[in-house]
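Presented sequentially are two complexes of chain A, the first with chain B as partner and the second with chain C.
Our next item is the complex of A and B:
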């Protein structure tokens, strides 16, 4: 879980928040306001899909799953658990 | 059954050109974002890392690879777009296209039996523009509206062909117009990649083997909710009652396109080819839904065709929604890329509606003029290529 959280944080800081201080990105920082816009969301989806080899559906990148880092981590975990069961 | 095809085709792009300086000057933060992008490109990071992660050949990953050069650009590959001035409306733009299509077809309006309109978006809430266009023409036939979002122009065209094929109409006027500059708030990032435009067709009986040969459409229910509409005040006072239709993109919009555009393209194309009883190698030219800077390239890759067999009007106009189809078809014919007897495949994707592909054999279509300021020589037209290439040369 911490591994997922760390990788998500690193991706946001390195690819989406180029000039932002690390302290300004908290686990509950709203990502939908200025960080994950329509194209930023695709970048994040693309990262998640390639990093954990899971697929994100057309409407799964919603505010619940992609609203904060706290939403993203359990979303990825659920996807991974579902994949292991199959 | 009769054959139906395009007797005339005219397009109208607004005279007002809006380039990227419009946003750079009004919104310094966008200019700053562009400067950051320049620096990032100069360091050659980001995009290469993104492309290096692609290990599986899926439509989504292909989408990511073709999109990558445009991700951090605040204009996402758009160089300029045409926009309506205050006082101009969707109806006035559509009307200009309709009049030109009738003029070049050299047909009296009394011989037109039906008008089909698709506007994105009409000048009022709830009712489309068909009757409002019809009453300004010297025309007495029927008029109705069709809605299939960005696939609406092609859907209206095929509906018109069906009326002519079945003998229910001799000639049908199809008009499609886009007014994104009024429908999208200019602080919404989508406004930087969209513009306005209109196209009109006269659909008439055609020689056997010409015109519409086959089509396939599939609903895009998978994308429902990725865009929304709401009523908003029209500050230009150009729309009825001062209220306009506002297009609201969501953070899910591009993901919905990423996941669904390619599979729908493949399935619709296969279906249209089968319906027309031709093979993909028989198709001379392709008209794709160039709603972003990379969709022409992406579509060519999905279908594994030479990108030279299509046209990309995006650098000139941005995303002009349902008007992409008539404008691309018109420009391809005017630039000599499409010749008499050629088979052409058209594909349009309408989110919250349907995706549709159609195969047509190009006949003796009469064409309206190229818009003012747009070169009518292929080499000059293509000289303004992708913004990323333009920027590469500056760095």
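Our next item is the complex of A and C:
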């Protein structure tokens, strides 16, 4: 599961937060305040879908799931668990 | 042809449509609620009656800070019916910026989303909001209402104002649209009914709308693209389908919306279309209803446009061009399929029938075909000027050959076989997601940060659009983090203005006259710093 967190962090730092020090990005940093704009959100959706081969529903990229890293990680975990059961 | 009568006042269009199509659907809201022409006109008449009872009339400004809804459209027509003008502000923008807009043009009444009442009052500080503030509920309940606000429910108790109760003129102010200002403060562009009607009537001729058309309304009402959606659709008895702001930024939801609502006429900035091509899963979306795709506001990268035209082969495509001050003033039909080898952007085309265009060099001399210069536009769509900015009027408008010309600030080249080709800008205005951004407005916001001593914003063109880079110097060794800077900007600027990058320097480069050396910064940005 730490693997998910690490990959999400890397994606944010390399695509959305260039010039930022790694330690400043916390798990509860609000992403919807200037970091994850509309283009950033679709890039994140696309990254998650290709990285973990899951589908993110049109309505799922909301404040709860995409608001912080703490929201994103369990969201992806739930998706993966659901996929395994099927 | 019915429906293509030339208009003098935007309210006339809807009243004519009520006579012809009372029971056709006029608007469908994001939530699926809809109004027929009769219902829309009646609700607008109720709003007009309420505003008249508050002594609001010709020339008065009425603010609207609401999400897209059928009520917001009825409010706009209600404002027209009593000859006032609407001033739409982005309900998702920081309240401080919206308060500045409302205060600058001195609105006499305001329709406000009930969730924004408290924050706006806080932003106003000790200053007064207008006497009439109507709090419009977001979700049906009115839990957040403030006592001094009029409730939307109370407005609905009014008897409707009879049609044509007031003497309308074509020169009535219709709306003021605020765009980013080079002084760092938003500036209001004043548009009259005749300005808007010139454009709407041209759309009638060019796009031949029919009552069976279903128009999308993607642009927010504070964005000039909304003028086509709102008034062309309702003039022709077509239905207008409002897209909520958050849905409008989500390419998959937009693609599904087009399929579900069977949209026939689409109009937006290219950015959402480009996002749909890349992330919208368009190959699995049924867009067979779409007959017209119109785009404006910025350059559409050809690789994405080619993909779109390959996926949606049936529609006719138009590139429309024009600043808020003139509305659309040139148009180019895009021939499809787009050749594989084409990489250069499409021209902005030839002037619309109501416009005249000329290209002048810096000294005011006409530039010959093929040469580059500034594009000037004259004609009935050219706005009345800026709200309360005589010095800006003086620099952007001029009389020549007994016509009043607007200097677009856009550098173009005319090629007889292609029309006008957009070349770029010589000032500090850039376009992102179709919005105009004055880099000075970003700098002004950054200077509000107490730790920053020097700031400079520059724009860099990248294949997927414009990126905004800011160079900042801090007063202390301890610098704010990029996350803190982004959050700080989110409190002061609309989301499309938030810089992509913050680059900290000890001090910014200066020219020999001690001004910030933007050229050096631009060069350093191209080198990847």
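We adopt the following convention: the second predicted complex is superposed on the first by the 86 of 86 C-alpha atoms of A that agree within 3 Å, B and C clash if a C-alpha of one lies under 4 Å from a C-alpha of the other, contacts with A are read in each partner's own complex, and residues count from 1 in each chain.
Basically, contacts are C-beta pairs under 8 Å (C-beta built on N, C-alpha and C of every residue); 3 or more make two chains touch, one makes a residue touch a chain.
Computed from a predicted model, the values in this text were never measured in an experiment.
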item: Chain B versus chain C as contact partner of A:15, first or second or both or neither; value: first
item: First, second, both or neither for A:58, with chain B first and chain C second; value: both
item: Partner chain(s) touched by A:46 [first = chain B, second = chain C, both, neither]; value: both
item: Partner with the higher number of touched chain A residues, chain C or chain B; value: B
item: Contacts of A:38 with chain B and chain C, given as first, second, both or neither; value: both
item: Touching partner for A:30 - first (chain B), second (chain C), both, neither; value: second
item: Which superposed partner A:66 touches (first chain B, second chain C, both, neither); value: first
item: Chain C-contacting residues of chain A that also contact chain B; value: 18-19, 37-39, 41-42, 45-46, 58-59, 61
item: Of chain B, residues touching chain A in the complex; value: 36, 40, 46, 50, 53-55, 60-61, 64, 67, 71, 76, 189-190, 222-226, 249-256, 258-260
item: List of chain C residues in touch with chain A within their complex; value: 249-253, 256, 271, 275, 278-279, 433, 481-483, 486-487, 489-490, 495-496, 498, 500-504
item: Chain A to chain C touching residues, read off their complex; value: 17-21, 24-25, 29-30, 33-35, 37-39, 41-42, 45-46, 58-59, 61
item: In the complex, chain A residues that touch chain B; value: 15, 18-19, 32, 36-43, 45-47, 49-51, 55-63, 66
